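Note that the chains are named A, B and C in the order they appear, and that numbering of residues resets to 1 at the start of each chain.
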């Protein structure tokens, strides 16, 4: 992301090439596809869409022997609440994505590539279309790229407002023209049976851009950035109750959560204390501001952190009981009504459920109805346990990870802030007794 | 059987016991095979449809034998047997295919909790319709709630409201609130009926099953969606509110709509039929049948049933009419118009009568366009029965022109007509008036009205018998309801006639004994075959030279004439 | 079905690019919606026929995606993000202000057809919350006062309706 915000940097191809753009693609088409895959594997780059799965391993699982055409799909359906990094790349530096995609397409020998962009990025769509035409004119895309004999086109496919299209098999279904119902895995792993039942690789925008940098500097170099298992840089998107919300790119583990909030983002609003942080988009488990995190890391070292001490990378956040997810850091200070915040999140997931499988379709709206009832003034003390139990019944039983994404907020909010849920019920009961309206005016739902 | 199953057997472990199952079979079928009454509950899985995996009710705990990641060596426990690596999350049985060494737990706490959870989720928005819902008594949601449900409700919110009791098609009523979105009906319409007319609109918990406005579920297989709907969302409009299913008696029968011979079940109570549903037969009709075939049961109560034995219009007893028939037949110059609707047993008797009286036999063909599924071009159930009993040796014509000429020339004095309106098939009424007519049939028509002797026939629902279908499969049917009062099964009357004609004493008819005689007559039937011994799924017979006749059936769901012929040419086991 | 010739041209160019006809169903819905303002039954049937599909296949996807609408909107299609980061920044207050200034309830179109006000889910620009979209234009950092300004501009017709011409 280093150039995107430099003054004078424009998103057309001439500016991109002036800064050394497409040099990596020129290098890549002279390499053997398997060597590119080896570089990506060596780099250890992990998916930046949310799951954090190593891209090199995903490419390894690709079924290259089936005889069916291979497809590359870029997941530009950025819809995880709190995340807004792909938007920047698409709008400000689209050629970085296109170059990353063409290198990746060459590496997996894709026949055709797609960018699935969310429908609300109207401008982003036009920018990408123009960028693709610019690249095609310079023979960097399309037929016989740079004389290499390899041809691959990119189709930009617009979504229409469904968060579930960010799930890779939901995206594939949507691309095929169906309702975006995710597929059961097994047997429909995209690497074997993906788009049109052909081997498909689906990667996030930022991950594909990283491929370009990996080829530029070499997989080994890339792996030096960050820490083992957490290589490369990540763009953290901070929103919520901070003075300077925005997107900030750092090497993995180069910065702690505290430094991010207080040094980079200007800290909290005056007079406020940190109450809660959701570090990886609303699907990630919430962390309490005054919590102590202890345990052992993967390499055996013990840790004992306050929330400000958590290094921002994949493994540390997971060790602290949450995840880095899509990198959307949502900060909540002590003005936040936690029950309302959860009600807001539950409404989102209830709205976005595709409705295919029973636990998610019925369970998630049930949780929404409960939190809505709670903020409307009819909370009961047992609702917290009921919510937790429902979430336990959803997680792990669904077709796709949406089940977990909807359950984890509920489970973590109840685990960390149960007292607030119980207190709300008591408070409302007390107000009713006094003859006052039980519900107070809400701000978050 | 799942499509992936092969005939190789592998060993898997279900609840601690090793079982041998075909490789690749899914876990639901494997557990069923393991027997002992164990069942993996499921809603969306259907053996004849693609796998959806969305109800999540068939969740089971699965484990594979542990191997060391680096060396590939088996990891052993302290007893020396290979450890099993159990998956932390349950997996759906319908989409998990058996692999050697797989371990399945169908009753562990994780599984019980999963089922509990799914059942609770299905019930929270489900309307409390059991008292007025037709599915009660055969509702999977009822059964599994009783077995795997929590037993009490924790839901105090408002349930979703969706369209209720809407007309989805001319024969199907839809209640969207009851729908559990298993998608069986959508998959059936697309994959089997080839009529992609159903779909889900809206999203999430508001997803609703519907047709496009202006279109309906009106194809001739629409009622199969009612059969496979696990709850009372899709119900038969004809059957609506008529009878509780636990009062109904179930009888095996065969559909007479066409030579497909779909296996059916007749649901009746105290002599009245309430509905007909398909019976599973993987060789004939899978689990499906046509809507038009189901509707045939209504003819049982039609106004124009023949209800009395008559001679010259006067009511007589069966014995009297049989004697009268024998008298006419003994005079010679007899022709018989047989029927491909008659059972094999009846056709055997007609052949015997034809032989004794030197009669020439013709049948009439009833051909129409086939639909490539379960309605073949031959709209009679037992043409091959007529061929195999020797009643005829060629395929029939569409009308009786040559017979009419014979009558006209005076060569025929007595005509025995079985269930055909010959007046409409080329034998003019004035021609009929010249001769004596014995009419055997179920309903009245112009021929029956003027017949000299009338012998009412029972319909397939009212008698025992068998048919031979398009692939030469012998299938039996049992009587479900009694016929019109005082009317005997056809074979009893025919025994009286045939025996007298061949100079014997008529005996009481026992189908098993009758089959001893039939078995000697038809080569393809095993010597010791009894009627009772015909399996419920039928018995495939060797067609012999009959396979070379130009039957009209083209490829349909379970029958491919080309492949069938080739299979006969290749010797068994080759 | 009278679509503009440019739309037909775009459709004819787009459909063959995809390996299957059905894949172009969603893009076609976008193009027809941009042309007509919404997707009527006639539009869905036209798309189905063009792609050799059943009308129910199109209706299934049109009702699945919130951006595809089966009814026309007002002149200004105003969408306020309600998801957590924007809510923390005060999106609900922003929406209440818009309701008041524009005299329309959220989720409805004003009687005279001037404006349709809706809540929508995360627009992926949470760093500049609260986010409001009008047509295809995005407006960021819209606190209640800025919302009132926007409302005034809508009433006076000054604000662009955010649709391409």
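Here is the rule we go by: contacts are C-beta pairs under 8 Å (C-beta built on N, C-alpha and C of every residue); 3 or more make two chains touch, one makes a residue touch a chain.
Nothing here was measured: the structure is a model prediction, and the numbers come from that model.
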>> So, comparing C-alpha centroids, which chain is the farthest one from subunit C?
In response: B
> Does B-C or A-C have the larger number of C-beta pairs in contact?
Replying inline: A-C
> How many angstrom between the C-alpha centroids of subunit C and subunit B?
Replying inline: 52
>> Just the number, please: Cα centre separation of subunit A and subunit C in whole Å.
In response: 24
>> If I count partner chains per residue in subunit C, which residues reach a count of at least 2?
In response: 57, 60, 64
> What positions in subunit A touch 2 or more of the other chains?
Replying inline: 162, 179, 351-352, 354
> Of all residues in subunit B, which are in touch with two or more distinct other chains?
Replying inline: 200, 202-203
> Where on subunit C does subunit A make contact in their complex?
Replying inline: 17-20, 22-27, 29-30, 51, 57, 60-61, 64-68, 82-85, 87-90, 92-93, 120-129, 133, 136, 138
>> For a test of understanding, state which residues of subunit C touch subunit B in their complex under the given definition.
In response: 41, 54-57, 59-60, 63-64
> Any idea which subunit A residues touch subunit C in the complex?
Replying inline: 69, 78-84, 86-87, 112, 118-123, 153, 155, 157-163, 174-180, 196, 237-241, 245-247, 278, 282, 328, 330, 332, 336, 341, 344-345, 347-348, 351-352, 354, 442-445
> Taking the complex as given, what residues does subunit B use to touch subunit A?
Replying inline: 51-57, 59, 88-90, 92, 95-96, 113-114, 116-118, 120-122, 124-125, 154-155, 157-158, 180-181, 200, 202-207
> What part of subunit A is in contact with subunit B in the complex they form?
Replying inline: 162, 179, 181, 184, 186-187, 350-359, 361-366, 369-370, 373, 386, 393-394, 396-399
